[in-house]
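The chains carry the letters A, B, C and D, assigned in the order they are written, with residues numbered from 1 in each.
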Amino acid sequence: MKVMTMAATAVLALGLTSAQAEPVKVGMITTLSGGGAGLGIDVRDGFLLAVKQSGNSDIEVIVEDDQRKPDVAVQLADKMVQSDKVDVMTGIIWSNLAMAVIPSVTAQGKFYLSPNAGPSALAGKGCHPNYFNVAWQNDNLHEGAGAYANFADMKKSFILAPNYPAGKDALTGYKRFYKGDLAGEIYTKLGQTDYAAELAQIRASGADSVFFFLPGGMGISFLKQYKDSGIDLPVVGPAFSFDQGILQAVGDAALGVKNTSQWSKDIANETNKAFVESFQAEYGRLPSLYASQGFDTANLLLSAMAKADVSDADAFRAALEEADFRSTRGNFKFGPNHHPIQDIHVREVIKEGDVYTNKIIGTALTSHADAYWAECDM
Amino acid sequence: MFLMLQGRGFMSLILLIEQILNGLQFGIMLFLMAAGLTLIFGVMGLINLAHGSLYMIGAFCAAAVAGMTGSFLLGLIAALAGAALAGALVELVVIRRLYRKDHLDQVLATFALILIFSEGTRWIFGSFPLFLDVPDYLSGPITLPGGIQYPLYRLALIVIGLAVGLGLYLLISKTRLGVQIRAGENDREMIAALGIDIAKLYTIVFALGAALAGFAGALVGAIQSVQVGMGEPVLIMAFVVIVIGGIGSIKGALIGALLVGLTDTLGGIFLPEVMKLFFDPSTATSIGSSLASMAIYVLMAAVLVLKPAGLFGARA
Amino acid sequence: MTEQAVSATSVPRTPVLETRGICKSFGALRASRDISLDLRPGEIHAIIGPNGAGKSTLIGQICGTIKPDTGSVHLLGKDVTHEATRMRARAGLGRTFQISSLAMEDTVLQNAVLGALGASGKPWRFWKDALHDRSLTQTAEEALVRVGLEDLARHRTAELSHGQRRQLEVAVALTLRPKALVMDEPMAGMGPEGSRLLTGFLDRLRHEAPILLVEHDMDAVFSLADRISVLVYGEVIATGSVEEIRANAAVREAYLGDEA
Amino acid sequence: MTRETYVNAFTLALFVAIPLWAVVADEPFTITLMTRAAIFAIAAVGLNIALGLGGLVSLGHAVFFGLGGYSMGILAHHAQTYTALAEWPLLIEGTKSMPVIWLTAIVVSSLAALVIGILSLRTAGVYFIMITLAFGQMFFFFAISWSEYGGEDGLSIYVRNGFPGLDTLVPIQFYGLCLGLLCLVLVFAWRLAKSPFGLALNAARQAPLRVETVGLDPARLRLIAFVLSGAIAGLAGALFADLNRFVSPVMFSWQTSGEIMIFVILGGVGRLFGPVVGALVFVALEHWLGGLSEFWHIYLGLLLLLIVLFARGGLIGLVAGREAVHD
């Protein structure tokens, strides 16, 4: 039933847009195999869902798997620019891959719309007119967590993250807003799976709260072990460790944890509601943060295509800057460095029937911009 | 060092003991993984890079069965059975063709098996991590003498690990299979002379090693993330363990595992603290953490430079 | 006992190779017990003994792959006890192995050239073709001619028969222009014809370099040896001429008696 | 001419013909792929000196590949940010000149190979495999946390480094440079295998005791082989970094070591063109299989397995048979 209605709108939309738009070729490089493939698959599915719903046949999407290897990503980017002659690129999940690919893509005059990674270097001095970030600057969610910690009257946080650049950015972001003292600050090994030693330190530190950024399997391991350790300090973290994709694997250990996100499936607006329903209908699972980012990225692109030809770079850029699309997040606009100015929400992990998910309990930061825009000179 | 740390305020003797306990527990988990690896090398002379995949298979079997039945115990049994079955199958189809080949071919072939197992698992179970939790009767902390709060499950892991170690010791020293295994380690011709079916013995030993890995995967999976690729980091650690202990030696594997467990755990805590004597806290944390992540490899290189065949190794 | 046996023979000149009271134990097993031997210019000194008598251990200590617990090894009057195998080789000690130790994938010529290369002491050349280096190939080819393998020079070593590999072992040793040779069972696995040829060859070779010969083939030993030492349970129980050894009661009891 | 010679000539012809076709057909990405294959081939030819000739199964060649990459990354990074690399004891500045970068990469990776070799060659067999792996892991974790040069994010170089008289940004010109270096390295490896050193090293692999008995030191032969091998892998690393205009700790990972080894075994261990064929086939597979299925690693795994089990001597062995490698 639902699918049929969608198909009908698609045909309708096709008739409306095909007359005006110039065909746009999109190159999507994302992680589809190996560890972390779940994120790339969600971004891809969200993006393609939006394209399908638009019914716009003037958009061609080429999807390639970067295997989470920077060198593969760089070469795929070369291929898409040189051989496929794409106009717009998107899809990269990881900051280190983004740093490898984006500067050269934008230098070659292509547009890049980031559906996930937002390294600080590309928000500040390394910003580029053709680079747009539709997700967040890397620090944003951590800053939101810091702000929430103040709100929740946390005075002595114990903070930890893996020992790599994004981890350092995370702790910096948290500290930027957090006003209390630190009970401890730890960099763990990247890929670490056992946190017994860190948990013992947390227990002994006299902390009143814990902030952590441990993406992927690291976060699952940490939360399970945290619960098992019997420490019952409040935990706060960015949405990455509490996302739909991995929440089921964490289980009860995540219940009640506060996490910060620019998106949640219960954000009350029509676009989001329709997105969650159609995503579930199409793929048979609840959408994740990453899926929403992929979906928004595609809609941003479609909105620009409706206004300008991609061949006219200046007009197309201006159209993108307007961000005239309905975001699943509600309020969305770009700052001067082409990074989002948006609300960062606080969510709590709950159980709906058998499924673990999040519900919004408040807003940590309203119309929040990143800390680097002043350094951006374009 | 202890005094210095005490001076920093939040390091106490209790904490130190707890961390040593953590190191031991981690070491014993590594031992479960390393025992199978070293057994397989000792008897068949095979370097099995795919051992980590069997660990992963164990965890996935446990998660799937525990998810369906709600019983952690059934999950563990499934892990043992699943990994042993996968091990026996792989031995029959691929591994037995590798015994006569050199290490180079073994490395490449078992590397290929990793690719097949990892992507195959992802194909079956999808790209998202699975759920496997500590059973209720083992969850939460208990209080040890001296007021140490320690998770019951981790204590159980220590006990199970030691029990498996003891079981292996008895198996090898007291049973008929053990006699055959020891014969296989020392003299291949002797096995034939004893009238033992070598092919069958090898399949059994490989399945046994696989079952140990799968068992470890299931036990660890309950407090970690059950996901594709979970086996590789552990595999490398297990190799570090058996190389330090001396390849083929179960005793070496146990001692190597405890050494690696303690080095890794205590290094992660103390190196950043030590660095704080020389640098400002933030730099110290960062440098100390980098050194800590290299610590076990430095340990291994140092052991090999001093004892080129490991601590208890007989042959190179 | 050994003192007496040595004095019974009369080879005048100073020894080329000498062991003085070497002892070696492996755990409880005493593989060498106070062994003093020497090898004098122009002679073939055979070492015989039953299996497990410690012949291989003795050779290992002479050539430097095994370190004696006590005692010393002297080559051309110099104490080489603490020198590595390769240093002894450079000083002029040639060796053939009981189990052929050759580069099997390489050609016969390449193996011989390896010897010449070792003798030249200059392996650190990375460009010029070793098989087109006259200074190396000449030595190698001469050695092959001497053992009668020149026609097989281009063949892979793996294609050689057992006996031919033995010949190649000898050829490689010859490329070093050794001052003394240690040969570990060179006749093993050879047919009667091959043994006869090799016996004749060694007979002539002794004037070039004296030979310490470990051999099971008693016919060869008795026809070649100037002196024989009998090793039993790690101990030299007698050293003397062929006649003396044949006549020695202890030897007959411990060793020859078993065979007879 | 043996069949292997024909296979070698055919391979070389592919390395010339495919990119030329790509220029004509305006398929620049094919040139990029061929450049990737050529660079991997250089690294693998380097490894083959240690592995094929010396019998040293090193699972740590990513160290040298990575050091070459970081030599390029660090020098170019300082050049593009106009900062000095070191001011004391003497002023060292960055550079964007490929020859200088290559030389640095070779020197740095040789020195590392010397130190790692001295320590690792005390061991043998599996222990050697594992100790080289351990060194690789040390460098990997160090690079990840070395925030000055990007840590896990790595370092991006915005413009490819320069070579006198060439525009390296033009794919075919950079490819020509890489192919030229590959040929140089091949000639070197070919001469090396036949040289007195190569002869001795080859014998040291098959019969170490024999080599010692003729008065040579197998340990030192192996060490020099390891250093030469590392130096070539380092050169390849510098080129690889320049191809991607990017370096990251991934270059140090044990998977990288494994892949370089795969190139060698896939093509044929100890054969001059084995690594070249292996690298070419691997890059082709990665490209085509990757396009066919998300789960292409399964097919790659199966293929590798078949080769190990049924094609001794790698692909070249399969086509050309087991012929004399030398002479």
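To be clear about the criterion, a contact is a pair of C-beta atoms (placed from the backbone, for glycine too) under 8 Å apart; a residue touches a chain by one contact, two chains touch by 3 or more.
Because the structure is a prediction, the values reported are computed rather than measured.
When chain centres are set by their Cα atoms, the one at the greatest distance from chain D is C. Centroid to centroid, with C-alpha atoms defining each point, chain B and chain C lie 50 Å apart. Mean C-alpha positions place chain B and chain D at a centre distance of 32 Å. The distance from the centre of chain A to the centre of chain C, with each centre set as the mean of the Cα atoms, comes to 76 Å. Here the CA centre of chain C is 44 Å from the CA centre of chain D. In chain D, the residues touching two or more other chains are 141, 144-145, 147, 295-297.
With touch defined as above, residues shared between interfaces to two or more other chains in chain A number as follows: 33-34, 37, 163, 168, 187, 189-190. The set of chain C residues touching two or more other chains is empty. Interfaces, counted as pairs of touching chains, are A-B, A-D, B-D, C-D. Contact residues on chain D toward chain B in their complex (touch as defined above): 51, 57, 59, 119-120, 122-127, 129-131, 133-135, 137-138, 141-142, 144-147, 254, 258, 261-262, 265, 269, 295-298, 300-305, 308-309. Touching chain B in their complex are the following residues of chain A: 33-35, 37-38, 41, 163, 168, 183-191, 193-194, 196-198, 200-201, 203-206, 216-218, 220-221, 224-225, 227-230, 245-246, 248-253.
Residues 63, 65, 84-87, 89-90, 94-95, 97, 101-107, 110-111, 113-115, 117-119, 121-131, 133, 136, 154, 156, 172, 175-176 of chain C are the ones that touch chain D when the two sit in their complex.
Per the touch definition, chain D reaches chain C in the complex via residues 191-192, 194-200, 202-203, 206-207, 209-217, 221, 224, 228, 324-327. Remark: chain B residues 41, 47, 94, 97-98, 101, 103-105, 107-109, 111-116, 118-120, 122-123, 236, 239-240, 243, 247, 286-287, 289-290, 293-294, 297-298, 300-301, 304-305, 308-310, 313, 316 touch chain D in the complex.
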